[in-house]
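Below, chain A partners chain B and then partners chain C, in two separate complexes.
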Partner chain A sequence: MLIYRYELKKLLKSAAVWGFIAVCLLFNIIIISNSGNAYADFVSTVAEDTGYILDQSFYEKLSQVTASDKKAKYYLEQLKYETDGVTDVFEGYEVKDIADIYINVAGLSGFFAKTMRDKYTALQKVVEEKAERDESLTLYFAGATHHRHNFLFGTLTGWLFTEAVLVSVLLVLLSIGYENIHGTENLVYSTKKGRLVLRPKFAASVTVGFLAYALLALITLVVYFSKTEYGGVWRSSVSSLFNYRVDLIAGIRPFVTWYSFNILTYLMAMLAMGAGVVLCFMLMAFSIGMLVRNSYMAFLVLLIANGVNVVLPMQVSQTLPIGLAVRCFSILSPVWLWLKQGIWFTDGDIDIIWPHFEMFGLCMSLAVLTVLCLLATNYFRKRDFT
Partner chain B sequence: MRIVINEMKKIWNVRMFLIIVLICLLFYLLFMSFHIKYFPNGHPATEEVYYSIEMLQRYEPTLEEDEFYEFVMETREKLVSEIEFYIESNSVFANAGIHSYEDYVRLSEKETHTESEREAYRALFGEECDFIGFRLQALDYIEELYHNCFSETTGDEKYRNIMDWHTYDNTVNYAFYFGILSVLAVLLLVSPLIVTDRARNIHLLQYSAKHGRRILRTQFIAVFLSAFLLTTVLVLVFGGIYSTNGTWVFWNSGMTSFLNTTFLIDITYGQYIIVYIAMLYTLCLGTAATAFLLSRFSRNLITLMLKLIPVFAVLTVLCTKVFEHTFSPANLLYHVTGITGIEAYICVFVFIAGLAISRYFLRREKTVDVL
Partner chain C sequence: MLAVNHVTKKYGKFVALEDITLEFTRGVYGLLSPNGGGKTTLIKMLVTLLFPTCGEILWEGIEITKLGEQYRDIIGYLPQDFGYYKNQTPRQFLNYLAALKGIDRNDAERRATEFLQLVSLGDVMDKKMRKFSGGMIQRVGIAQAMLNDPKILILDEPTSGLDPKERVRFRNLISELSKDRIVILSTHIVSDVETIANRVIMFKDHKLFCNDSPSNICRTLSGKVYETWDIKSVTQPYFPLTQRQEDGRTLVRFVCETGCPTAARQVTPNLEDVFLYVYRDEVI
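This part shows the complex of A and B:
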């Protein structure tokens, strides 16, 4: 515990880490400051009076809303126009066609085609349940939904996860490479604790990594929510009829999630999933840091390993079953999970054959990386340092 | 010189060289290979590039009015006779009641079509008719561009250049990613030199040697030469790969053309590429100087990396702004400042600033307290 505390202190005292976090926050604030949407803010303010469910009461309350100035009057008219006569998008919505399009375009066959079909059969039931609950008949941000949803759950959280992954990976490499960097390796490993010192080092770096992620997320989201209005729509479903996905293969389609999420629960789920991805990258950094003693090289090897993981499925011929297998399984790796962050908890896209791909991928990645870490630690225990 | 070479040997170690090669390969496969594999990208881009090259080969870099009309007339005649041949030999057209090119034109002008008419219309755009529909479309488009341009800018001879827009766009996209790759490679290669010595306090030993504190200047020269060498290798390798696209035929063509966009300076495609390479060198050398400074003020390789990432992000944004539509009014830097050639000035500024700050710290190192 004492070593853990000292290791923690060592990492927390690193000015460069704090500087990096500050730069990341500055960047996030810059992108937040350019994301304003006055109409979306107006919709959320109105929703405080009207509620977010598009039922009779909503329309009655909306008709009583008065506009104070010319701009508000224009926005009110726009909101009335957009919400007038809307219907449930999930009523009679068939997702089977999407499976067929994906299978044809991706050239899937056998097991892969069957898994893709099964996914959309399962999704059809989810769609029907959503239709029963009238889940799409919620306001979200009306006509500004797509822009605001994509900014929060695509751009902002995307950058947040990127920054968290970078800082946590570098913290792990800094912690386990510290003795090598300062030439104290032989001295430390010859003590009673010996090479077991890596355990508190790893625990400390994971703790600081998660703290950095929490700090980045907290400050970024506080700045974002203080700048944008979410007042009356927090409990609006993310599968609102106003939300949609632009899919280059299957066309524009509703935003269907496996579970019923409102904005708040979806954000929480995204952040939790983000923490899982950050942990995966930390485990990866730990494994590589064990094998490559030079921290700089270890970071570059980590970059290359993930780069290969991205490039390989694109280069392998998709006409062979092995090519399809590489493509379908590589999606479950941390780097692909990170790249597909905008469609977590949905059915995914043409690359994804698995239902709940993010959870499946996260569990698979954690399991594989834990085994890799154990193997790397085992190798390190017997490593010759002379 | 002996010390410079030995310092360069430290930079160019085998492991680092392999890492750089792998990163370049991955970056190329991810971002750059598309611009080689898919050039020209689809239809009618393929036909437009083809006609531009044909015009260039027939009439040299500029196109006079009579030459243009001669080209359009001859090409259209050939196309029409080819279309007539396809119409006669393919039953799809007979089924739709098309027996001549005139029938086909009448069909295309109709507002509503039957299924057999739609099929006949589409047939000319298919592989079985050698994409002749697209060739005709490309010729019409070129003719439209010519008329638009010369009705608005009568007498402006610079628009008579033959420079294809797709070629320009392809070159710019490739050059933009290549710029980012070069900056990344230089940052990764030269950064560890100083910090590796300093993390283990080797610099104190070096400072007590005969060469003394001049070692830092020597290391700076090694960093600079390595960056120059790496940029040269990258230009040769990726320039060589790009040459397979065959865009060199436009080497002597002026960039401002009725087929292309307007440029702020009178420059040919070849000169444009040479200026781009010169800008890339200045940016890479400026990057090397920045990497040297970051390395000098980092205590270990990870703190160096924590500084390199934001710097790389800034340089990437800079590359985006500098190499996107360089020297054209569409360039964002020009759009904001209104200064012609601002892209080149910024590269020179990065170079001079890096050099000047490095020089300041190199001079200061002679008297700084190292303990």
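This part shows the complex of A and C:
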């Protein structure tokens, strides 16, 4: 515990880490300041009076809303127009066709085609349940939904996860490479604790990594939610009829999630999943850091490894089962999970044959990376320090 | 007892040490060889930073890698390139290393103070090491090596960076410490070894060349070391050791294997003579 505290102190005293976090926060604040949408704020404010469920009560209350100025009047008319006569998008919605399109375009066959088909068979049941619950009949941000949803759950959380991954990877590499940087390897690894000092080092870097993630998320989201209005729509379903996905292959389609999420629970789920991805990258950095002595080189190796992971599936021939396997399984890797962050908890896209791909990928990645860490630790324990 | 049994260390095809067998009991052991001779390789194997390619190193009959923490608990080590955290004070640095050595926090604080005072750093123990001289850093290194009261104290080039006064103080300190422990120190500064080592271990061509007391080692050149003011008059093959200027003349010290040259005076060999002779490149 004492060593853990010393290792924690080393990381917390790193000016580079604090500097990087400050730059990230500044960047986030800049993109937040350019994300304003007055109509979305108006909808949210109105929803405080009307409620977010598009039922009879909503329309009655909406008709009683009065506009104070010209702009508000325009927005109110727009809201009335957008919500007038809406129907449940999940009623009679068939997702089977999406499977067929994906299978044909991706050239899937055998196991891969069957898995894709099974996924959409399972999703059909989810769609029917959503239809029963009238889940799509919630306001969200009406016509501004797509913009605001994509900003929060695409752009902002996307950057947040990227920053958290970078800072946590840097922390792990800094912690492992600290002795190399300061020329104290020989001294530290010949003490009683010896190479086992990596355990408290890893624990400390994971702690500070998650703290950095929490700090980034907290400040970024506090700034975002203080600048934008979510008051009346927090409990709106993210599968609202106003939300949709632009899929270049299957076309524009409803935003279907495997579970029923409102904005708040979806945000919580995204942040939790983000923490999982951050942990995966920390494990990856730990493994590489033990194999590559120099921290800068280790970071470069990590970038190259992930770059190869992104490029390789695109380069392997998709006509062979091995090519399809590479493509379908590489999607479960941390870098692809990070890239597909905008469609977590949904059915995914043409690249994804697995239901709940993010959870499956996270579990697979954690399992594989844990084994890699153990192997790397074993190698490190027997490594010569020349 | 610490025993090195037929240890060889290879890096690919390069043989750093070949078939080394040694035994260490209480006392000071000086490892002597030119740079790159294998001293640091042996030391790193003794502190488990390197692993022998073949052979074994035993402490009280058990292989040190099997003993792990138990073995490292009884060693104190000053590496050749002693790294430190520039932004920390010696006291903070020693407290951190004490934690790694498994020393209780309160005990660590007391020992850190005690050893820093012993190496005359008591008045700067709370100052950041950023501005410390090489000698001061080396003394921090010696203090940290002693922190866990080791049974085996291993010092790699401990006197480099020390001024003559500090070097003498260090020698006295080592003599004092060697009473109840094994002290292994590597150096290429012969005078350090000559004054304090009970045994001198020399490597040549990456093999063990000798392992004996300094006097016995010096005896190998007995009757072969000479000094002369007129080296040109020496007709036998000789190997020059040192030369000194005095009153505009040059006094040359040399080794001659083939009998006593008439123009030269026989002198008592010292360890430096042996060192220079053993590690000579060629005879003139």
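Quick note on the criterion: the second predicted complex is superposed on the first by the 386 of 386 C-alpha atoms of A that agree within 3 Å, B and C clash if a C-alpha of one lies under 4 Å from a C-alpha of the other, contacts with A are read in each partner's own complex, and residues count from 1 in each chain.
Just so we're on the same page, a residue touches a chain if its C-beta (ideal position, glycine included) is under 8 Å from a C-beta of that chain, and two chains touch if they have at least 3 such contacts.
Computed from a predicted model, the values in this text were never measured in an experiment.
Engineer: Looking at the superposed three-chain arrangement on chain A, would you call chain B and chain C a clash or a fit?
Structural biologist: fit
Engineer: Mind working out whether A:L375 is in touch with chain B, chain C, both or neither, as first, second, both or neither?
Structural biologist: neither
Engineer: So, A:A16: does it touch chain B (first), chain C (second), both, or neither?
Structural biologist: First partner only, chain B.
Engineer: When the two structures are overlaid on chain A, which partner does A:L2 contact: first (chain B), second (chain C), both, or neither?
Structural biologist: second
Engineer: Using the touch definition from the top, say if A:D384 reaches chain B (first), chain C (second), both or neither.
Structural biologist: A:D384: touches chain C, not chain B.
Engineer: One more residue to check, A:L174. First (chain B), second (chain C), both or neither?
Structural biologist: In the superposition, A:L174 contacts chain B only.
Engineer: With the two complexes overlaid on chain A, check the angle at chain A between chain B and chain C, Cα centres, nearest 10°.
Structural biologist: Computed angle, apex chain A: 80 degrees.
Engineer: With both structures superposed, pick whichever of chain B and chain C touches the larger number of chain A residues.
Structural biologist: The larger set of chain A residues in touch belongs to B.
Engineer: Is A:I249 touching the first partner chain B, the second partner chain C, both, or neither of them?
Structural biologist: Neither partner.
Engineer: Does chain B (first) or chain C (second) touch A:M268, or do both, or does neither?
Structural biologist: It touches nothing on chain B or chain C.
Engineer: Once chain A of both complexes is superposed, is A:N186 in touch with chain B (first), chain C (second), both, or neither?
Structural biologist: second
Engineer: Least CA distance chain B-chain C after superposition, rounded to whole Å?
Structural biologist: Superposition on chain A places chain B and chain C at a least C-alpha distance of 5 Å.
Engineer: For chain A, which residues belong to both interfaces, chain B and chain C?
Structural biologist: 182-183
Engineer: Write out the stretch or stretches of chain B touching chain A in their complex.
Structural biologist: Touch list, chain B to chain A: 15-16, 19, 22-23, 26-27, 29-30, 188, 192, 199-200, 298-307, 309-310, 313.
Engineer: Help me check something: in the complex, which residues belonging to chain C touch chain A?
Structural biologist: Touching chain A from chain C are residues 11, 44, 47-51, 68-69, 72-73, 75, 77, 79, 81-87, 96-97, 99-102, 105, 144, 148.
Engineer: Would you tell me which residues of chain A are touching chain B in their complex?
Structural biologist: By the definition above, chain A touches chain B via 14-17, 19-20, 23, 27, 166-167, 170, 173-174, 177, 181-183, 294-297, 299-301, 303-304, 307-308, 310-311, 314-315.
Engineer: Can you tell me which positions in chain A touch chain C when the two form their complex?
Structural biologist: 2-3, 6, 13, 179, 182-194, 196-197, 382, 384-386
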